[in-house]
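What follows is a group of structures, each given as structure tokens.
Below, subunit A partners subunit B and then partners subunit C, in two separate complexes.
Entry: the complex of A and B
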């Protein structure tokens, strides 16, 4: 797997964009800015997925992450009050010692990982070189007979077909488990985010808690008596 | 294409014959699997640093999304590499990535539900002020 020409240029553009946007995500003072930088980072990584020939995953990334999860994040940021943070009264980072330790160990981890990845990749490359060359030759021969729109960098891949096929052929049980997981997440988040008022109107609240809540807000007594 | 690729592989392996500057230039011109892995590792470290240093619990959740995304990038890069070596199970990495995205969506929904419940009860989103379980 070696990228050439414009693919290499786009690789560097999008990876630098992903890293810079990721850094700005964790350094922005305003949480809304953090969310917007995270969106740019996720879109850049989706572009890297396209460079790697995983168009389906790139589409899922943009639809689910950017279209679903990040909109949820933005709504929650609007629901909670971040005014103090924006005006600069509250420090956005933890204690200095903790931040220093985290940055030092992060840099050590980065150095170690980059060194280890390069060393390990050299060995992998040496052992897989013949296999890759043989496969490249075979695919090259297959592409000789195709129309020019279906070859080279501009080919339309069968990625979605392959992913869908193996998702249902080899991973149908995890697929069903994932749907149950999403159902649990929906019900759990609805239950977690209810107010005392909503719990009282569904007659689903501890009597002691309800007594305290009624003392603070007499309106709730009406809801409770309506239930009985 | 292969006539173009084979000398590149040969060049990348002949470390002794090239100066380090030439090797870096070659790496910049022809990014390969290791470059994707390095980008994934750096994104992961940025996410870890965000989790460890930020006080805003929503930004901590965003950093967790960054970490999961770095893992996805590694999965897809290895999937492409295995595809190029002709492995029949190359697409498994992409299938796994779909499940990671599902788990990330579920985690974000539950986590943000907890944040909203917490904000109602404690009126704070600072992670260091949420210490009900602290002795």
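Entry: the complex of A and C
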């Protein structure tokens, strides 16, 4: 990414938007408004990904986070009653210890980021200029070989293919492990949500198991009688 | 002939005019895209307007009525009368509504529906606004944002019917998005690109529409597309008999009509994607040979645009047809279709397509058979290869039907609860193993 011209304008607009929306996410009183600001922040970050030339990541960011995760967030927020915080008129930053800890860690994070950026920049300057020039030349030559877009104004890159290739070819084991982890999380949440009590209230439990459960917890007998 | 068709060359004329005022770069990157965007937005808005008219007419004919007849000849000006009525209606806001969210939700809905048109190739050359390398992913991600508008509208109205509609729509759209995303993968295996123009040119160079290779993919995509649009028979979020009007119960005037327009625009989007992916987009056999190859470039573009519109209109007619033919699904049936039928179909389709492509690759060069012409940029098959692939597509329907009916054999049993009682989900710690359901069903 080269920071000049319109690219710089877009960069500053989207980065400021992302930061402001992030701040408003934690400052909004209403949980749904917080979620909306989080969505704005995510969209701005997706726009920054596009400026970096990572269109695939930007598309996936919107598809997964805005279209999937945030929709489920909103779904949950609407079902759960979160009225207590909204009604209160007390100041938002009312826990001094929390605020102090957040500020300290935020500053540490910012310091670390600046340090890492400086080191990276130094390393980039120190490395062989010819090597960088060769890589740039090769990239440009590759660019020339790519098929032209239908409008003829730019080229269709193979980024998506490359992401898919490396994900399924060279990183297939971590990928599979991650998917098994998700499966475990789903089964775990079902097991946590389905208690004997809940199953009994839906009249959906084996009578023998229910007898044992009632012996341990007499409250369940009421649910059983309510069903009959 | 040629002189008549010179009429169809306004772009060159406009281009020359524009070049007098702007530099070539500005014309290519700024002015032309803006002209195209303006044209497409206007065209889609008018198209959506007339889609409402077409829907009323079609429903009327299906019920042996005449439909709108009073405004203009055959009621042709009815949509404009409706639009005028909606514009002048009062814009009501419920008393305890979340005002900003309530007012903002329709805009998200319309924006999500219209932004997608930026990447859709309506025709070759100037029929494309832009062609990005993540085209299809862009379409899917933007249309997944559309559900946010429904949820926000339902929540901010502070009305129980609207909230119920919003909850239903979010559950429905999140479920059907999965099968929609999975169903396109089969077609992408042939096109080998996400760029929508690339997909069309893949079908053009192969001279086959992907619907012949991917009948299952088309079916899955269309069904999940209809569900994504909340159209009948999947219109539970706005089921009139249960929820008044669902998520837009509290809306009136222009904001309500924005939702309405977004619904029709979203239908056009899904039809356009289905056209591009499975019906060959703007490609039609022999058009290239009789126009472009003989030097009539503008005519080629215009005929391609008409071909695209014709295919789009056919799919849109399918929407109306289904709406006035099928009754609404029950909620559990809706979830069954999504999770037990459509997602497995899409997954089976991916596996079968991969097997078919591997077979074609393996057969290539065996006993002098030649099946593959080129692998890059898209998968190009010879006549033999095409025949094998179409055969796989047809056999795939039966295989999938068999697999799915095996999976779902017990899904609709009456004594499902009794079966479930015998499978221990809880208290396994007592050392009792999970018991399989009894083989006999009463």
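Quick notes on this structure:
As a convention for this text, the second predicted complex is superposed on the first by the 144 of 228 C-alpha atoms of A that agree within 3 Å, B and C clash if a C-alpha of one lies under 4 Å from a C-alpha of the other, contacts with A are read in each partner's own complex, and residues count from 1 in each chain.
Following the convention adopted for this analysis, a contact is a pair of C-beta atoms (placed from the backbone, for glycine too) under 8 Å apart; a residue touches a chain by one contact, two chains touch by 3 or more.
This is a predicted model, so every value here is computed, not measured.
Judged by the touch definition given at the top, the superposed model places A:55 against subunit C, while subunit B stays out of reach.
In the superposition on chain A, contact of A:212 is made with subunit C only, not with subunit B. For subunit A, the partner that touches more of its residues is B, with subunit B and subunit C as the two candidates. Once the two complexes are overlaid on the shared chain, A:67 sits against subunit C while remaining clear of subunit B. In the superposition on chain A, contact of A:36 is made with subunit C only, not with subunit B. In the superposition on chain A, A:110 makes contact with subunit B only, not with subunit C. By the touch criterion defined above, A:118 lies against subunit B but remains apart from subunit C after alignment on the C-alpha atoms of chain A. Applying the stated contact rule after C-alpha superposition, one finds that A:172 touches neither subunit B nor subunit C. On subunit A, the patch touched by subunit B and the patch touched by subunit C overlap at residues 56, 60, 68, 72, 79, 159, 191, 195. Of all the residues in subunit A, the ones that touch subunit C in their complex are 30, 32-33, 36, 39, 55-56, 58-60, 62-63, 66-68, 70-72, 74-75, 78-79, 147, 149-151, 153, 156-161, 191, 194-196, 199, 203-207, 209, 212-213.
Remark: subunit C residues 28-29, 98, 101, 121, 124-125, 128-134, 137-138, 140-142, 144-145, 147-148, 151-152, 155-156, 163, 166-167, 170-171, 173-174, 177, 181, 192-195, 197-198, 201, 377, 417, 420-422, 424-427, 430 touch subunit A in the complex.
On the side of subunit A, the complex with subunit B involves touching residues 1-4, 8, 11-12, 15, 18-19, 22-23, 25-26, 31, 34-35, 38, 41-42, 45, 48-49, 52-54, 56-57, 60-61, 64-65, 68-69, 72-73, 76-77, 79-82, 85, 90-94, 98-99, 102-103, 106, 109-110, 113-114, 117-118, 121-122, 124-126, 128-129, 131-137, 140, 152, 159, 162-163, 166-167, 170-171, 174, 178, 181-182, 184-186, 188-193, 195.
On subunit B, the positions that touch subunit A within their shared complex are 1-2, 4-6, 8-9, 12-13, 28-39, 41-43, 45-50, 52-56, 58-59, 61-63, 65-66, 69, 72-73, 76-77, 79-81, 83-86, 91-92, 94-95, 97-99, 101-110, 112-117, 119-120, 125-126, 128.
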